[in-house]
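Once you scroll down, you'll see the structures, which are given as structure tokens.
Paired with subunit B in one complex and with subunit C in the other, subunit A is shared by the two complexes that follow.
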Partner chain A sequence: MKFRRLKAIAIKEVLQIWRDPRSLMIALLLPFTQMFLFGYGVNLDLKHLPVCTFDREGSQLSQSLLKHFQASQYFSIVRNVDSYATIVKAIDDGTCGLAIVIPPDLSARLNDTGSASVQAILDGSDDNTANIAFGYTAAVVNGYSNDIAMTAIDRQGRPLQQTWAMTVQSRVWFNEDLVSRNFIIPGLVAVIMALVGAQLTSLTISREWERGTMELLVSTPVRPIELMFGKLAPYLVLGWLDAAFCLVIAALWFAVPFRGTLLTLFFTTTLFLIVVLSLGYLLSVLIRSQVGASQIALLVTMLPTTLLSGYIFPIDQMPKIIQDITYLMYSRYYVTIIKDVFLKGSSIPELMTPILFMIIYAAAVMVLAARAFRKRLV
Partner chain B sequence: MNANHQVPQIVVEDLVKRFGNFVAVDRVSFRIGRGEVLGFLGPNGAGKSTIIRILCGLLRPNAGRALVAGIDVARDAERVRERIGYMSQKFSLYRDLSVEENLRFFGGIYRVPRDELPERMRFAINMAGLGGREQALVSTLAGGWQQRLALGCAVLHRPPILFLDEPTSGVEPTSRRRFWNLIHSLAGDGVSVLVSTHYMDEAEYCHRAALINQGRLIAIGSPDELKRTALGGELLLLECDALGPALAALEHAPGVLDCSVFGNALHVLVGDAERSLRELPAYLAQKNLSQTRLDRIHPSLEDVFVQLIAVDSAKRRIAA
Partner chain C sequence: MFARIIPIVIKEFLELKRDKWARFRLIVPTLVQILLFGYAATFEVYHVSTAVLDLDHSQESRELISRFTSSDRFDVVKVAQSQRDINTAIDTSDAAVALVIHAGFAELLRKGQGAPLQVIVDGTNSNTALIALGYVNAIAAGFAQDYAADLAQRTAGVRGMKQVQVMLEQRPWFNPDLNGRWFFVPGLIGTLTLVIIVNLTAFAIVREREVGTLEQIMVSPIRPAEFILGKTVPFFVIGLGEVSLIVAVGILWFQVPFVGNPFVLLLGSALFLCSSLALGLLISTICSTQQQAFAMNFFVLNPFFILSGFSFPISSMPQVLQWFTYANPLRYYLVVIRDTFLKGVGLSVLWPQLAALAALAVVLLTTSILRFRKSLE
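Let's look at the complex of A and B:
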């Protein structure tokens, strides 16, 4: 490998990137817009879910319970209705996602038997929201029932004491506020870089075939490996720029806590960039048309990175076979790494396993790309 | 002929290239000496570009041997590539780079010694007549200038062998003339040049011309040799009133090798012009035909090529 030739290729590539507004646009504008679009668009938090209530008792007790719902930031009561039919209609037309029905004998039952129940009707068409809403509903009701029990005990003049022998006190680590944004945004950085990185390099070889410049280039003594490194180098710099862009937006704009070190982040991000850039390059070598290569690049980056990397959908909740498949997805490793670096502050030794997998992946793709490039016309 | 021309730089023996069932190059053999300009002539699709691409190591031959600068192209294409300059048929410099940036790029790719590069770049710029336009983007240059710049890039590293694939196509006549002068000045410095063209008149600029038709080399030699001997006989021009009957009659006339219509006259290929000039009038009279003119003519290269291609194509049709 001759550095002189590598440098000539790299300089030429920089000049071409600089003069081609399209590739610069992909490189600089896309990450920016995607960060904001997805950062705000993808939100799994439940806040102010519209609720309608059907209070069939209308007692002090029932109103007090409903006030607890109103007070919770997860719900906001939008309507009070007086029939099941209205509830059905409200859920059907989407004006509310949850209906709380208080039975006419709530107070009576509570007094007689010491327990009573309320009904929650959920819009299951969005099962994720329904699940979360159900959890919060149970929490609100439990909290309230706890209050009643305490008050009752208090009123009976017994000394105030813990009513249950044991309770579960959960303590959430790493994402204490359970803000889904905190775990989505670092993964989003991975998605965007995979997308942009592979897009950029998917054009570089196919463009030379389409413009006819490749015929001359392959007649020169340039080696495939010089061509590959010469072409990847400028895009790695662009990739760093993009990554810095995304990470700054993540940490400053979206205020995702960053607990790791910049060195760890830089090292692992570089590794990931090398994987996606050489993947795009490999596609560009194999598919000699720009449109074809960029389409396939979109396919092999977008789908696996959004669906199979654990970026939104946790891998350990997938069926076994799909879990096994995710081991083949390069982005899975980086999503794990970047979430850990951001939220846990993990360092390189702690991330050795995913780092090792990424190194293997990068090496494999580069060897394939260098070998796939034939200095022949057919 | 120059003594240098005897030192072979390119040796091609029984070269064959097939694309599927199509035979693009069919057992072609030739040699090119040092400082020699060999022109490849022939219709589009004859296989000229394919042969050049094989010699540059861009296509692998199916059979035969090709030595470029003494190196077998099929075995060690990389070493060959260091010793050649190539201008492809389609313009293949970077249009979004300036004149100087293109030259610097190829200087880097061919690893022209750094201390020599400024001088080589100046040489290329002067040769292409692009002084003062070093910063212009290549896409803004006219065709002739682009082609001369492409030649400049191809010779930047002083290759002993140059492959030029239709370098003058689409270039205006004065620019073409200038281009050929450049080729000859390079050849004068000892560079061997293989240049293809579909302008028949450009064969006159070459030391030797090779005529290629449907993948086969059907004639090779200096323009003079070709005009004298390639037809395998001497050419007579016959003008008469009844072309059809005359054509039919002459095909079986003694001493006549071939006969074809050329405009409103016949070109008659004969073994011995003197004898036929004496005997043919009588032969025609015997068939109740008469000529208004019968002369010996000296064929142009174009005549030779047209004749050879027509004969070759006809032979193949019969064979097939």
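Let's look at the complex of A and C:
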């Protein structure tokens, strides 16, 4: 390997990137637009779920329960209805995601037997929203139940003491307020890097074929490995630039807490870029048409990074066989790393396992790519 | 007129029949995505890895822990001996939830003084953490309730204590087990059809332009409107085939219930396909090479995805983005699909969605046809 030849290729590639401003624009603009689109559009937090209430008792007691719901930021009461049929309609047409039904004998039951129940009807067609609303309604009703029990004891004149046999004291680590953005955005950086990175290099060799410049390239003394490094180096710089954009937006604009060190981030991001760029290069060598190469590049980056990397859907909830498949997905390792670096502040020794996997991956793809390129015209 | 449209239709089908790559692109990615989304895309929370630290060693604490062990929501993977073990387990992601019962738990429980169960949750994935916390609370509440009832029964004669409480009955409609597949698989009908149809339409026309056959067609007696119709009819048919394929896989393989009226779904699909075709046409008028069409597709389709409610609820988006969703045909189509699948509602409820789809289809088709005619001249 001669550095002189590698440099010549790299310079040629830089000039080519520089003089094709449209592609350069795409490479630099895409991360911006995607960061903002996903950053704002992708959100799993439940807030202000439209609620309709059906208070069949209309007593002070029932109204105070509804006040508890009103006070919660997770719900907003949009309608008070007076028949069951209206609830059915409101849930059917999606104007309400939750309906609270208070029975006509709430106070009476509480006085007589000491226990009463209220009904929560949830629109289960969006299972995740329903599941989260499930937890919040239970919390609201529990709080209310506690208040009532306290007043009851107070009235009976007994010494005030906690009636709940047990309390749950929960503490959330790493993402204290459970903001979904804090885990989605670091993963998003990985998705964007994978997409853009593989797209960029997927065109480098197929373009030479399509434009006919391959003939020239083959007649030069350049060796396959020099060609590969020469072609990848400028894109690595571009990739760093893109990554820096994304990471700055994540940390400063979306205020995702960054607890790790820049060194860890730089090292792992570079490793990931190498994997992605060489993967694109490999595809470019194998597929001689630009459209074909970039389509396949999209296919092998988009689906695995969005679905099988743990970026949004947790890997440990997938069926066993799919969990095994995710080990083959390079983005899985980087998504783990970047989330841990951001939220947990992990350092390189703690992330050794995923880093090792990425190194192996990078080496394998590069060896394949270097060997796939033949200096031949047929 | 028909005499000129039909040959174009036949030509399109022939082209598809002879292009192995195109057929591959039509079927394989669709199936792969259905399977992936069906199996991998889930927000459900089961078998959360859990670490337990019991410093009380009482009958009560063991009873509480056994409730977690027996639940299929939690898997106790580690029985810790010290607080430090717990911290390490969470730090290294060996456990996502940790339960700590301090010494004196049983004593406080017996006195009714709010015996604390300490829960530490790895919040890295806030969604999983939130749902898991809900289950922890439910199990703890169940335990507390049973314990209190038990205690009240035992001491009934002595103290005459009555537990005053309000309970909650929860009824999730349409999807009683909150099965995530029922949400994602029907949604795929919309997203996959959109991608495939827009791609096919845009590429079919841009390819003709790039290869130069478009000029040949233009010198033939065919009129632009006929050409557009001839080009789009085959893709409309393919689109309907695609919809049926996903519906079939969803119902037969993934066992998603279909309780609504198939004709409402068909009507919605037809309207949605018109919008998708129009979008493809529109993209083809802007791009002159397949490479550009590809990049354009990506740029255009991504926002359609994200801003549709396919996996992320629209109501949680910032207001400005919510306005954008109103211009997105996929948004309305997803409501039609999910409501016919799961809720079984008909035209009386879905007419606003269908009307919006129809309006968007008309607007998009008119603009794209006008633009397309201009781009030919």
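Simple rule for what comes next: the second predicted complex is superposed on the first by the 377 of 378 C-alpha atoms of A that agree within 3 Å, B and C clash if a C-alpha of one lies under 4 Å from a C-alpha of the other, contacts with A are read in each partner's own complex, and residues count from 1 in each chain.
One rule holds in what follows: a residue touches a chain if its C-beta (ideal position, glycine included) is under 8 Å from a C-beta of that chain, and two chains touch if they have at least 3 such contacts.
What you see is a predicted model, and the numbers here were worked out from it, not measured in a lab.
Engineer: So, A:D92: does it touch subunit B (first), subunit C (second), both, or neither?
Structural biologist: Touch partner of A:D92: subunit C, not subunit B.
Engineer: Could you say whether A:K12 touches subunit B, subunit C, both of them, or neither, answering first, second, both or neither?
Structural biologist: In the superposed model, A:K12 contacts subunit B only, not subunit C.
Engineer: Classify the contacts of A:R4 with the two partner chains as first (subunit B alone), second (subunit C alone), both, or neither.
Structural biologist: A:R4: touches subunit B, not subunit C.
Engineer: When both complexes are superposed, which of subunit B and subunit C contacts more residues belonging to subunit A?
Structural biologist: C
Engineer: Per the contact definition in the header, classify A:D316: touching subunit B only (first), subunit C only (second), both, or neither.
Structural biologist: Only subunit C; A:D316 stays clear of subunit B.
Engineer: Go through the superposed model and pick first if A:Q119 touches only subunit B, second if only subunit C, both, or neither.
Structural biologist: second
Engineer: Considering only the defined contacts, which subunit A positions touch subunit C in the complex?
Structural biologist: For subunit A paired with subunit C, touching residues are 26, 30, 33-34, 37-38, 40-50, 65, 89, 91-94, 97, 106, 110, 114-132, 134-135, 137-139, 141-142, 144-145, 148-149, 152-153, 161-176, 178-180, 182-183, 290-292, 294-295, 298-299, 303, 307-308, 312-314, 316-319, 322, 339-340, 343-344, 350.
Engineer: Which bits of subunit C are touching subunit A when the two form their complex?
Structural biologist: 21, 25, 29, 32-33, 36-37, 39-47, 49, 90-93, 96, 109, 112-131, 133-134, 136-138, 140-141, 143-144, 147-148, 151, 162-176, 178-180, 182-183, 290-291, 294-295, 298-299, 302-303, 306-307, 311-313, 315-318, 321, 335, 338-339, 342-343, 345, 349
Engineer: Which residues of subunit A touch subunit B in the complex?
Structural biologist: Interface residues on the subunit A side: 2, 4-5, 7-9, 11-12, 15-16, 19-20, 211-223, 375-378.
Engineer: Which subunit B residues qualify as touching subunit A in the complex?
Structural biologist: Its residues touching subunit A are 19, 53, 56-60, 77-78, 81-82, 84, 86-88, 90-97, 101, 104-111.
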